Each structure stands twice: as structure tokens, then as C-alpha cells.
Amino acid sequence: MSIIIDQNTNVIVQGMTGTQGSYHTQKMLEYGVKVVAGVTPGRGGTVIHGVPVYDTVKEAVQKFKVDLAMIMVPAPFVYAAAIESIDNKVPTILILTEHVPVHDTMRIMALAKRNGVRVIGPNTMGIIAPGKAKAGVMPVFLYGNGGKVTVVSRSGTLCHESASNLMYRGIGVNLVMGIGGDPIIGTSFTDALKLLKDDEETKAVILIGEIGGSREEEAAEYLKSVDYPKKVFAFIAGRYSPPGKKMGHAGAIIEKGVGSASAKLEKLAEAGVVITGSIEDLIKKVEDWHNGRYPEELAKEA
Amino acid sequence: MSIIIDQNTNVIVQGMTGTQGSYHTQKMLEYGVKVVAGVTPGRGGTVIHGVPVYDTVKEAVQKFKVDLAMIMVPAPFVYAAAIESIDNKVPTILILTEHVPVHDTMRIMALAKRNGVRVIGPNTMGIIAPGKAKAGVMPVFLYGNGGKVTVVSRSGTLCHESASNLMYRGIGVNLVMGIGGDPIIGTSFTDALKLLKDDEETKAVILIGEIGGSREEEAAEYLKSVDYPKKVFAFIAGRYSPPGKKMGHAGAIIEKGVGSASAKLEKLAEAGVVITGSIEDLIKKVEDWHNGRYPEELAKEA
Amino acid sequence: MYLYEYQAKKVVGDAGIPVPQNRLAFNPEEARQAAEEINKPSVVKAQVRAGGRGKAGLIKLVKGSQEAYSSAQDIFGKYHHGEMVEKVLVEEKLDIAKELYVSVVLDLNKAKPVVLISAEGGVDIEQIAESSPEAIIRVEVDPLEKDTPEHKWVEAWGKVGLRGKQLLKAASVASKLLNLFYKVDAFTVEINPLVITQAGDVIAADAKVIVDDSSLYRHPELQSYQELSSHPLEIEASKAGVSYVSISSEGFVGIVAGGAGLSMATMDAVFEYGGIPAAFLDLGGGISEVGMAESLKIMLKTEGMRGIIINVFGGINNCEIMAKGINRAFQEADIQVPIVVKMRGHSQEEGWAVLENLQIPIIKHGTTDEAIKLLLSKIKM
Amino acid sequence: MYLYEYQAKKVVGDAGIPVPQNRLAFNPEEARQAAEEINKPSVVKAQVRAGGRGKAGLIKLVKGSQEAYSSAQDIFGKYHHGEMVEKVLVEEKLDIAKELYVSVVLDLNKAKPVVLISAEGGVDIEQIAESSPEAIIRVEVDPLEKDTPEHKWVEAWGKVGLRGKQLLKAASVASKLLNLFYKVDAFTVEINPLVITQAGDVIAADAKVIVDDSSLYRHPELQSYQELSSHPLEIEASKAGVSYVSISSEGFVGIVAGGAGLSMATMDAVFEYGGIPAAFLDLGGGISEVGMAESLKIMLKTEGMRGIIINVFGGINNCEIMAKGINRAFQEADIQVPIVVKMRGHSQEEGWAVLENLQIPIIKHGTTDEAIKLLLSKIKM
């Protein structure tokens, strides 16, 4: 069993009737994911790729055990969609949408906490347990069929980049989680590390951070405070970014020197994390570790 | 020990610096009540009748163990005053002010419930344990020095009326509680009956209701559902009130036949309550019961 | 405060809920012009507060402006539950496909708003509540929640059979109605019927709004809707900050009391001992000497009144001040009717001393019943 | 979006917080008129976004309108952290008795607003936070609470020594500032200093407001404050729905990438291998064929640019569509610089087929580093 998602996870898609929702539902069904229902208010009764669409999450949870709600509605509707799933106690809510107003996310998080619901995102590519299941937009053939390494990343495209390059070198990943590029996110690096701490399938964790914010520093603090049982690698994108420039998404702003790449890498190194200077460097260092620890597996897969 | 208030109850007065607040603080001090502090934002440092005034409830609770907050601020400020005491976990909050917006009371009640705080009122004369202590505006010499009967009333002036007339006939009261005349109140007849159920000092309870609402019916339901160990008497004011007329305070409206005096009395009679048709009738029936049960006491006191 | 339909529709429309095109008219000619402007088959509706207007012939369908004129002429000046029709609302007639019901009411015992939703609109909802309670969906709302949980209304309307665009439109109405409920400090906001038209629009065909008088100080936009009583003594009392209620034209006893409970108990006792109250006046809390004098003088003007019971306590009020007010009224007015005062409480000794100078009977101890019996015996003398 | 002082003061003033009397001026003559209207000793303040205006001589005290004219003349056209002064705010000078500090900031890790209150205003609050952290009161707020808990601000200001009327006025400012924070979807609303004047008034002498760009769709009142970049290619990109950032005037590599993380990692790699990025363009999600072609054509216009890396994934985007967009750009523009494409993901086979027709190098597997090294080698050839 993987963390959060595997072959047995029942998924609903909020916004399945949209172009993106419909396309990625199809991709998930092709991958064997149990997409049990779609939810779009006002579109109840529709069927998309054989999956029934309901007006409310309540109808979906009355008909199926729902483990995960994937939200792909336009940003102005994310708040309503998320609190509906929270209200219906769906255990995990994955918000893919970007440009969600940050105050909406703030309130979603407060409600989720009050109701014991996990939120991942917003602004994430989703989560994949390669060879088992996925909820998100990632092209599955870049992710292989499982392994011993888990990737946790603020950036979706850097998930694709790192997972595919590991695969090309014969190193399998067992879980890749986009935690989202927004200023406020539901599951932080620290939360992810806590989840993975006792996960037997995970032997190493790759953290892919970005400049801005203090999520990476917070993770370093956590790693320092426990005897973390896995090998941890880290790459921080944006170390050459000019200060004050906004690099695409809101999370990636260097403000007043807080959250610079060098500060983050320093803290992570202090916490025993293997820090890396580029994607190439990251892949290389993971490869070296892997060759040392699991040479036979590498030989077999290569 | 009495319910809610006695000689050992530490009271703060929110709005002590106002004319009414100052006057009734003095009356309470004269009665021996432990008024430990006043609270008026912006008036911190003032001293009223020897009692220190603070800017915040927090300062008061840091200096004293506070059992009860009596609120006598103008209606527009009641909400802020009440949530301040709730936030500081004062166990009982007594709101004397009338004309408090009902939505404010609604939110005060929701917050009080969440924080485990008891609210009495709004729009009440307060509560008195004769001979021991009082928090409110009642003239103490109309209430005697204690006894076996407890009065619970929506109307303040009917508290004065019933307690004084009982006293004139030699029947003592041990507690008189104005629960307030507003549409939403913090402590209902049912709540009061539950509090008094196991109170050893209370041998009989007088409920003084009014037309409108369904608090009396609710109390009848409660009394039916338990084996209530005390004698209960009831009087409902307004049985001759013309339908649709608003009789002074907002609670007393007969709307669509719901909450008429006859309906209330019928339900109470079904629950084993001694119902009465006038104040005179009420006093007479309590007197008969008292003479039968406690003749020696009556002889002694008379 | 119970808003007239035209006021409620304004408030509901301002909250973003679609309402029919409408115009208020104060006479038949204005009704004619209104119908002309609307330029569609219309309805002329008397603006009175009591229900049952349809059965009373106070709602008329009209095809054109001339018919609007004549229908309005029929309606103006009629009485409905004691209220004269002084205004009519002229409103476009809706092509009704379906009638729904939605309201937000304040549950006083639970101290929270409850949203009621039903597909059985256009009829008396209390009858539906009795005959088929399952046809009404009740949604309790946490008054501390900042946001309207939109999906709850989709769920509720879905349960009673709505689908597609109408489901979304009806959900939006429920959501906006809850916001309105909070915004205007309402006891009740009700739309019955909420009409689905043949064209698929969702429109509030009628609206009932009751707001909390205690909150009016923070709603300047609603203060203009407050209508002064048409009773001259009620107006006078309101200006003096006390509350005068005229009871019966056959009444002959005037009641001046402090507090609603005591006022009502006093009235009950008057009836009980064979008297008929003409009016009662509730002094409320914090009455001044002048206020007390004014109150008594207002009561003295009550037609048919042949005696006054003053039944007060010095609690939040003060006996000495009230007694001085009574004294002032005796100086300023020519008092010919018997007056009995029952008074005790704070500063009672000082108060009694003032009253004793006036040589009027004072019940110092004893019950309201005693005071009433004394007054009635004096009136009969 | 970071509001200019004059915009922030408008927003803060509209929220009911007192601000000094002020006028915006676009040239020295307007500054003169503004000072004349204000008719008090005034301050002329350059409207630029970066801090440290005082030290840079961009804030000037003036006694009269003539002095306002000459001070404005000095300030207009100056550069401050790369921004030219094009507007000045002329504002009445306050008689300062005390300077306080209050702000509401969004704590991203705790996901809740935090109100910061201090009696040490008028200076850099971060210095205070380091030197005497106990001088700053932090009040965390539950974002689900409907109401501002007024007493918390009385408590906080009381702790830092305020009393009496000033305590109430400062508490009211904090309360209104929190409401404003919610109302405008802010990351930060800050008043530093909050001035207590000699007359005892409490006035926001400066104001800083940063709002969330993602929320602007629901704030029509703030949309007019959005200032388009002055960079022509940034404007063009913004119109095409993508985000172009000019990096260095010495740069010679153009980066077209999908996603902020990959964009930044690509830029890092360019620097790492000895290149200098001229600009980068983030395609974002859901890019169309036309959008892709436009993006490439915009990048081609970058001055000094001698080669382009296109680093994209078919995830939320689609490789075939992006490849067609590249193809379209090749048809519509005269492309003379080397271009390396690294592309894989959804519909990669179809995408690669299109690109192969263009005979440009495609990195199908391998890292960003490989692609950059290849491009740099081609640029150097």
C-alpha cells in the first residue's frame, strides 16, 4: 500500500465535465485508477467516459466510499468545491487549480483542519504511485513502474523532469507528490516527510523546493528534530533568480532575503540532507546512493 | 451554596462607569456582594465605590478569580462585552441590557456554547439569592432572607411582585432568577429546571412565563420526560392580551396561535405543574402548599 | 418590523435575487401609469400587512392599463384586518411553470438560522409542514460561519427534484437569501412562491421580510420603512420614549406599568375582576420624572378611560423619581378620574412620602389583584 | 500587487481609518496647487514602490506652495531602485506626539492572519523585532471567525501602554485594518507609523498594502491600480496570457519553459554552464498552439538574444499542440538563432514528429542540463 493513493483508492473528480477534467479523467481511467464519480453542480445525470456525474459530493459519498477528491474547477469555484468535500468528510482533497485566491485557501485550510481532512495543493500536478495509481495531470510513462525513491516537489514540471531522468538511469520512484506552488498549501514538505517517515516502500526522499517562503527551512527544522530514517536529497530551483522578480507563480518571490536558495540549502545541509546544485547534480547523487545501496536492482533494471 | 450566585461569588461589572452601572454596583456592594472589578474599555485606572476599573476583562481575570460578569453596557456594545468575557472563560455571563439586537444574542449564544460558558439574559433584572448575594437591579428588601422556593421568570417586575408577596405571607425564597424577556435567551426555563433539579435548598419552583415563544412548552416537555423531584407552580402573563399586539418586549408576541397562554398552561398542567390564573392565585396556591409542608416554618417567620 | 411586500421586494432585489418588474402606486391613476410602463399583463396587489389578500379580492389580474386603473379603484380604501389599503403594487404577471418555497427563519430555541426549502410553493407552508413534512427540507446554519455553504442549497433543492440550470439558480437564491437574513438582522425572510417561469428563469414572486426592531439603529436603509402608528397617543408615547398600546374601544381602565410582564399581568387582572382595559402604557427601564409625568398625561387623554392603575417597581427604575413624575402630572393636568398606585422598591419611602401628599391610595404591600380590585371599586362608585 | 502609498491611503481611508489630508500630483505645478489647497505645512513624497525614500531625499518637508513646487521639481524624474518618480503625494504634516505600529500579515505557514501591534512605530519594524521582540504584540486570528474580536486590540494596545481615548481609537484602527485585510484579499496591510497627534487624534501617516493578484477578478475597485509593466515585451506577453520576465541586459539566452519551477531550474542551469539569460517566458498551464507561437515570437524580439531553449512537458499542456505552435512560429517568423527543444509528456510522439520536420535538435530524454549545454555550444559556434 502506498501513501495517500494506490490501486484501491476511490477517486471523485470535481469539475469532470470541463475540458481538462474530462481529458485527465480519461487518462486516469486508462491508468486503471478507480474514478468512481464526477461532481459538477447543475450537471448531475451526465456520464463522462462511463463515469456518473452528480450534482453534489453528498450523492457521490452516499453511493461510493470516496477516498480522494480531485478538484479541477476554475479558480473562483475552488473554495465552494473544497468546502463541499470537506463537509462530506472526504479524507484527502487534491486541488490542481492554479490562481486560487490565497484567502480562499486560508479558509479551506482552517475548515479542513477543523474536520480532520488532508488537503494537497492548490496549484499542483497531483500525486502518482507509479504502476499503481495517479490523481493528477502527469504523463504516466515518464514515471516508470515503482521503486524505492519518493519525490516531493513544489513544481509539477520538475516532478516530470526528475522522475523521468531517474527512470532513464534505471532508478525507480514509488511515489511522486506535487505539493503545489502556492503561498499557502495544504501539505507542506514537513507534512510529507512525516507521512513518509514510517512508509516501508520509501528508502529515500527527494525534496524539490523553490526560492521564497520558508517551507524548506521548516522541513530542515523537522529533520533536525527527529532521527529521520530515510536518505534525503534536496534541490532548490531559482538560486540565480534576480531578487524581487516574480518567477511565474506567487510562491516564488524572494522577499527581503528570506527564502533565498542558499539559505534554504544551508539549513537543509545542516539537517543532514544531501544538497544539490542542479537537476543533473541531483540525479547523479541519487544514482550514486542507489548504486551503493541497491546495485543488484540497478543492474537488473538497466 | 446556592446555584450560580452566593456570598463567595466574585462579580465583575462590564459598564460600571455608566450611571446605572455605578448605582447598581453600589447597591450590590451594600448587600455584601463581592464586586471585585469593573471593566470599561478606555476607562482603565478609574475607581468606582472603591472598586478598580480595568480596560479589559483579561486584566480583571488576571487579578481575580472571576465567577460572574454582569453586563450593563448600552445595547450596541453588548456583543463586544459578552464575547470578551466568553473569550476569557468567565463561567457565567449575565446580560441585563434590553434591546440587544437578536442576531447579536444568537452569535453570543453560539460562542458561549463553544466555550462552555453560561449566559443568562439578555433583558433580565438579574439573579438574587436572598440574604446571600445578588447580581442585578432588584430592590433586595422585597426579597427577604431566604427560604425554600425558587422563582424563575421572564419578567423582572413579576419577580419583584411574586417574591415580595410571598415574603409578606411569610414564605421565603432562596433564589430568584430573571431569565430575560428577549426572543433568544441564554438560560431557558428548561435549563433553569435542570440546574435546580438536584439543588437541596429548592423545594418548589415557580415558573413565571409570558405569551409568545415556546420556552414554557419546552419546559413542560422536559418535566414530563423526567421524574422531577420538586413541586412546580406556573403563572403565564398575558392570557387576555389581544392577538398580534406587541406588549412591550419582543418576546411577548402571540403569532398564529403559537405560544398562547392557554396552550402553555395546558401543556404545563399535563406535566404535573400547578397552574395559576393570576398573581394572587399563584401566591395563594404556593401558600397552601407551604402551609401543608412547612407549617412550623411559616408560624416562626410570620 | 414587518415590511410591506413592496419594501421586502426592494430589499430582496437589492440582495441580487430576481424579482418581477414592478411599480408602487398611491392612487388609481398611478396604477394606470405603472401598468402602462410595465406594458405586460400585470397584477395589482394591495399593500397591507395581513395575509389572505387573494381570497379577500385584494389581488387582481389585469390585462392593460385601463383595467389596472379600475382594479386599483376597487381596491383602494378597502379594509383588510383593520388596515386600509393606501398603496398598491403593480407588477408584471409571471408565466409560471413551477412554484417553489424558500425561507430563512430564526429558530429562537436553537438560536440559529434555519433554511427551509420546498418544491411545494405558492401555498400555505404551514399546511404543507403538517400534511407532508417530508416535502420541506430543513437546513440548520451555524451562525458563526463566515460563509454560506453553497453546496447545501444544491443538496436541498436536488432532494426536492430540481436539476440543471434551475438547480443552480435556486441554490443561488437560497444562498443570497441567507446573506440577506444576516445583512438586515431578520427574524424571517421568505419567498413564497419562488417561481420557475416558462422561460426557465427563477424569480421571487412574493417576499416577506421581518426585521428585528432592536437592530434598526444599524440599518439606516431600513429606518425609512418604519411607519409610525396612526394612533395619536401611540405616536405621542413613542416620542416620550415609552410604549402605549390601545386595547379596546369599550375599555375604561388605563394601565401604567413598568415592564412587559407586569403590564400584561395587570391587564389580565383587570379583565379577571370585570374591568376592561382601554389602554396600557409600559414605562420600560430608566424612566425620568418628566417621562413619568408625560406617561400619565398621555394615559389621561385616552377616550372612555375612567380610572388609572399605576403598577410599578423601583428596580431599574426609582420610586422617588416616579412619584415625583406623578406629582408633576397632578400639578400640570386636571385629574378627575380615580388613580391607584401600587409602588415599591428602590427609594420607596421617599416615593410614598411624595404620593401621600397627593392623597391618592397607595398599595405599599399586597398584590396587583388588590390594587385592581380597589381601583374598580372606586370607578364603580 | 503592491499598491503605491497614495493608493494604499485611499483604501485605508475608505476603510474608515483616519489618514492625513492629501493630494496626488503629476507635475510640480500640480504639487504647488495641492499644497495651496491643503494650506498647512506639508510633506511632498515621491510615489515609488521601494522603501528608503527618506534617506534617498525623496520625502521633503515644505512650508508653503512655492516650496512644494521647488521640492517637487527636485524629486520628479529621479530614479529610486530602478523606478522613475512620476507622481508625488502632497500631504499635510502631522504634529506628532507618538508613533505606533500596526499591521495585519498573512502567516503562510500557519495559514492565518496575524495582527502585529507595537508602540515603537516610525522605524523599521524588522529591526524592532530583532532588538526587542517583546515590544511587538502578535495576535493570531482565526480566519473562520465572522467578527473582529474588538477586545483583543484593546488588550494588545493596553499591553504596550496606551490608555483612555487613544486606546479606543487605536483599537478601532486595528479592528478596521483586519476588516480591510479580508476585504481586499491582502497579503499585508501595514500602518507605520500610526501617529498620535498633539491634539490626540490617531492617524495613519503611512500605509502599505499588498493584495493577492489571484483575487483581483473579484475586486473591480482595485483593478484600476494594476499597472502594466513598462517593458513592451512583458506587455505583449501579458496580452497573450503568458508571463515574460526580462532578466539581464547582458543576457543572450532566451528561456521558454512551462511552469515556474522548471523555468527557474532552466535559468539556474544557463548561469551554471556559463550562459546569461536575457529573459524567460513561463507558458503556464493550458497553452494553445497560437499561444505557443506568440510566446516564441515574443522571445525572438528580445534584444541581445542569441539562442532559445524551449523546455516543456506535456502534463497540463500537450506536446503535439506545443510542437504545432513552434512550427507555426517557424512559418510566421524569420528565425535566425539556434533553438533547442527539450519536450516530453502527453502526445510526445506526435510532438516530436512535428519538430523533426523543422530539423531542430530535440532532447527527448535527458536533463535540462544536457539541453542547455547543447544550446550554449550552438551559440558559441
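Each chain carries a letter (A, B, C and D) given by its place in the written order, and its residues are counted from 1.
Throughout what follows, contacts are C-beta pairs under 8 Å (C-beta built on N, C-alpha and C of every residue); 3 or more make two chains touch, one makes a residue touch a chain.
Just so we're clear, the structure is a prediction, and the values are computed from it rather than from any experiment.
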Path length in steps (a step moves to a chain that is touched) from chain B to chain D:
1
Given chain C and chain D, the chains that contact each of them
A, B
Where the CA atoms of chain A average out and where those of chain C average out, how many Å apart are those spots?
58
I'd like the Å distance between the centres of chain A and chain D, where a centre is the mean of that chain's Cα atoms.
27
Which positions in chain B are in touch with at least two other chains?
107
Show the residues in chain D shared as contacts by 2 or more other chains, in ascending order.
144, 146
So with touch defined the way it is at the top, what topology do the chains form here? Options are line, ring, star, complete, other.
other
Determine which chains touch and list them pairwise.
A-C, A-D, B-C, B-D, C-D
Parts of chain C lying in touch with chain D, wherever the complex brings them together
144-146
Note: in the complex, chain A contacts chain C through residues 41-45, 55-59, 79-80, 83-84, 87, 107
What residues on chain A touch chain D, complex-wise?
20, 27, 75-76, 96, 98-107, 109-111, 114, 125, 137-139, 142, 153-158, 160-161, 164-165, 168, 181, 183-184, 188, 208, 210-211, 213-215, 218, 235, 237-242, 245-252, 256, 277-280, 283
Looking at the complex, which residues from chain C come into contact with chain B?
106, 108-109, 111-113, 126, 142-144, 182, 185, 187, 212-215, 217-218, 243, 245, 247-248, 257-265, 267-272, 280, 282, 284-286, 312-316, 344-346, 348, 365-370
Interface with chain A, chain C side, in the complex: residues 146-147, 149-152, 154-155, 158, 163-165, 167-168, 171
